[in-house]
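Presented sequentially are two complexes of subunit A, the first with subunit B as partner and the second with subunit C.
Entry: the complex of A and B
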């Protein structure tokens, strides 16, 4: 009994059920053919998943970042700029781009915390500003990795597969484990949850909500940047439109995976399953012969459906709130 | 025995408004000193000065005989003054153990990694709460699942565990149901039984004060209007001072006048209703 109570009280319960249903549905309805598309589903899951886990971490602190799609593009552009103009190697360029992404998070965090502008507004502004930078630097088209770096081992590594899995997907799995441990088992994670749960209580107990939230912003932006850099290595180019709407998919996946806009609780691996469910839909619908234009509407319907299910579940397991 | 904390001639002005005027107050280890008074009497200002949130305009704070200047709540906490505010500073979604150690987590392994020692935190939290009479079986349950009284006791146990030897309880029994209030009062008495902790119990419930306190100080409009020990004050006197020094007899008279007026009006409107019903029917 107590096992079921605990299992039902977890924020990830509905997404686990959803994942099982999606896998069963597509496998049965396509006579098993859908399973062969899994590698490409995983590839997309890696890209959006890295963004979603950062977003989930930030949402646990009670804030949100709408700019991740733009940060995704800018990180790739910074990497190209570091290789092309600064003539750095691929590895240093990777680090420079990652640092630049964290810096974006730092700035947004400072604006949110010290000027008391809601993060939704600050990061919405950042979404436009950073996208503007992407348009200007690509002149509306695209930029590519300089020729001499295209065969760099690091770039090839990002493109390669291990045991038929994209290496980026393995990066996602490792990152998920690490971030999940950070959120649930470390002091920093505990502070993030405390600040998200009740910032004034955290402050009264000597935790700085400002510093904690700024760090969470940096984690979120760094993961969006990491995704952007890895995708650049895979595809070789960044377009002026790279990453558009990724923020919405990442937030939808985070919410489906058990995160709330209120903060104070959250999951890291739940959102990864959320991304998997959303990514599966795209390919699965196509195989069933449904027009892909159905996808976006279905995402919205799923999002609302999942929220209702998890509300019902949590209402049934928590007698007092 | 010397008082652990002594306030001498404390005054506090907010601009032209004087919230406190020459307050004397002290508390000894092992006693409960109730600080009573109506809303606006200056109770909160006084404890905020003690807790290092506000600075007094005049007067002195002595801790174990030594004059102190508190610049921040941290300074007050460092000399062992622990305040349990009404909002309790708990995060309802987090577990009992995590709340108990919020901001002072126990770490295992290398400090840099900051890996939490959840098992030890759970054990200590349960032990410390049991000491003041709250038996919980699971330190992993969210604080949101605790009763109001259990939450209050959690905050008290936490303050004591982290070194408070002066415990300031800000209206710990308000906003609780009858049974919960009793639970909290029991916890307070268990803390007192340890003998080494001085408790300042802020309340405007005279019954709760009478059930627990050894001494009373009454505030009204920023001044002490009465104080004394349990033996010095009879219940009638306590009630008079609670009402800000007004004679209870006067209050009774005022109240019954209002009740009387009301019943006359009631009778009139009833009569009016009946006549209008009669004409309509």
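Entry: the complex of A and C
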């Protein structure tokens, strides 16, 4: 029984069960045809997954970032700006855009920590500001990578596939492993969890909640930016509406994957499975001939369903006091 | 004087309204004054939603689903009307639906102790998905012959050049302001928002209060949607998509504490006025409408940060 106890107490339990159910359901109902769409499911998973793991990391520190969808768009625009106006190469432009996204995280973190503005409000404000910047700089249309850079090895690498898997998906896998190790095995990760669990207790033990939270914000925004840049390389353009509503999908995936808003505990690979469940639904429903308008309603129903299930499970595994 | 300015949370909204309207009146002139009736109309539509959002935030919770509930309920209202159900009954049925939606949210947040932020995030998706599913992505429109019925003109029409919704909104703000300051419900609401455990320990029915607040919030969001539908005669799938963000922004600018336990309904309404003054002014000035989003974000974070700094200064005095 103790194995089941332990398994049930893990935050990822419900998402693992959910993943198995989704895979079984679509494989059986489409007679195996669904399995051949897996590469494109992985491609979508990579895009949202990179954002979700950053979000999960930040949620472990007890904060939330609503601006990731806008950061996603702005990072792509900064990369184009660096190539087009600054005439940098692709690799420097990549780094400039990544630095710009971390800077966004830094500013939001500073406002949250030093000006005592709740992270919900700061990042809600940033969502508006960054989206407005994206609209203004694209004039409401789109911007593309300058022609001379479109055949750059780095751009081609982001587009390419290895063993039938998009390279961006491999990036997601590597990033997941690294971030999971950082959260569970390094000092920084312990600090993040400690600050998320009880900031004043962490402070009493000599951990600076301010510095830790600001770093967590920077990690989250950097991953949103990374996803934006990779998608730019894949698709060649950024639209004024790129990444709209991504914050909601990323948060939904993180919650389905076992993160809580309370902080202090968290999972990095759970949210990746959460994204996988969501993107399988998107493609699988279309294959079954269901209208795509079902998808958005289902995300909502799933999110609430997972919340209820995990609450019931955690209530049943808790020792009754 | 300066002390009063610092103490009252609504001071920021009042000051912003004075500065903004002065600025726009001087720079734009006559066409700004001509725009005031439609500004008031927009204020009343968003304002009715914001009353509910303010109550929810005062009770220490969040409702991200208001925009989707607004669209969903108004869609149901239009569809009921087109099924030749009398307008009065349609109104009652759709308001009942809105209240049931709020009750469900309250039940999940209070009974199962789920965070309202996530529950309502789920419902944001769910009801928006329902709208898209039912309408297949096309707008639904009230049939021509029903548009002139008494009920519809009462909800969506004009009196003396002003939309009736302005009166309705003013009435609702008055009712809820009195309810919060003079009645037991208001007392309990602030107590629950301030510290739920303490409220429970002193015998305040915290669960009932929170559930009621969600019922009121969804009910008002649905009601605002119905009024808008009666006035515009149609609902589209993208109706009120960013309303959850705008309503929270308005409540915060209007001086409510995000942690709950403090704030006023009329302050939240002033928050709406601030937001829409900015929006309409920028549109008339011909500024890129997306600049409004940038301003909205800066104003939101700036005002809350300012409040944080001011209260720190108070402490050091």
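Criterion: the second predicted complex is superposed on the first by the 319 of 321 C-alpha atoms of A that agree within 3 Å, B and C clash if a C-alpha of one lies under 4 Å from a C-alpha of the other, contacts with A are read in each partner's own complex, and residues count from 1 in each chain.
Basically, contacts are C-beta pairs under 8 Å (C-beta built on N, C-alpha and C of every residue); 3 or more make two chains touch, one makes a residue touch a chain.
This one's a predicted model, so the numbers in the text were calculated from it and none came from an experiment.
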Are subunit B and subunit C a fit on subunit A, or do they clash, once the structures share the same frame? fit
With the two complexes superposed on chain A, say which partner A:22 touches: subunit B (first), subunit C (second), both, or neither. neither
At the Cα centre of subunit A, what angle separates the centres of subunit B and subunit C, to the nearest 10 degrees? 80
Identify the partner contact of A:256: answer first if only subunit B is touched, second if only subunit C is, both if each is, neither if none is. neither
Quick one: is A:206 in contact with subunit B, with subunit C, with both, or with neither? Answer first, second, both or neither. first
Is A:74 in contact with subunit B, with subunit C, with both, or with neither (first, second, both, neither)? neither
First (subunit B), second (subunit C), both or neither touched by A:58: neither
Just subunit B (first), just subunit C (second), both, or neither: which does A:308 touch? second
Partner chain in contact with A:222 - subunit B first, subunit C second, else both or neither: neither
Which chain, subunit B or subunit C, ends up touching more residues of subunit A in the combined arrangement? C
Who does A:133 touch here: subunit B (first), subunit C (second), both, or neither? second
Closest Cα approach, subunit C to subunit B, once both complexes are overlaid on chain A (Å): 12
Subunit B and subunit C footprints on subunit A, overlapping residues: none
How about subunit A: which of its residues touch subunit B in the complex? 185-188, 190-191, 193-194, 197-198, 200-202, 204-207, 264-265, 318-321
Of all residues in subunit B, those that touch subunit A in their complex: 74, 85, 87-94, 98, 102-105, 107, 113-116, 118, 144-145
Show which residues of subunit A lie in contact with subunit C when the two form their complex. 111, 115-118, 120-122, 124-133, 135-136, 140, 248, 251-252, 255, 260-262, 291, 293-304, 307-308, 311-312
Which of the residues in subunit C come into contact with subunit A in the complex? 62, 108, 112-115, 117-119, 121-130, 132-133, 136-137, 245, 248-249, 252, 258-259, 288, 290-298, 300-301, 304-305, 308-309, 312
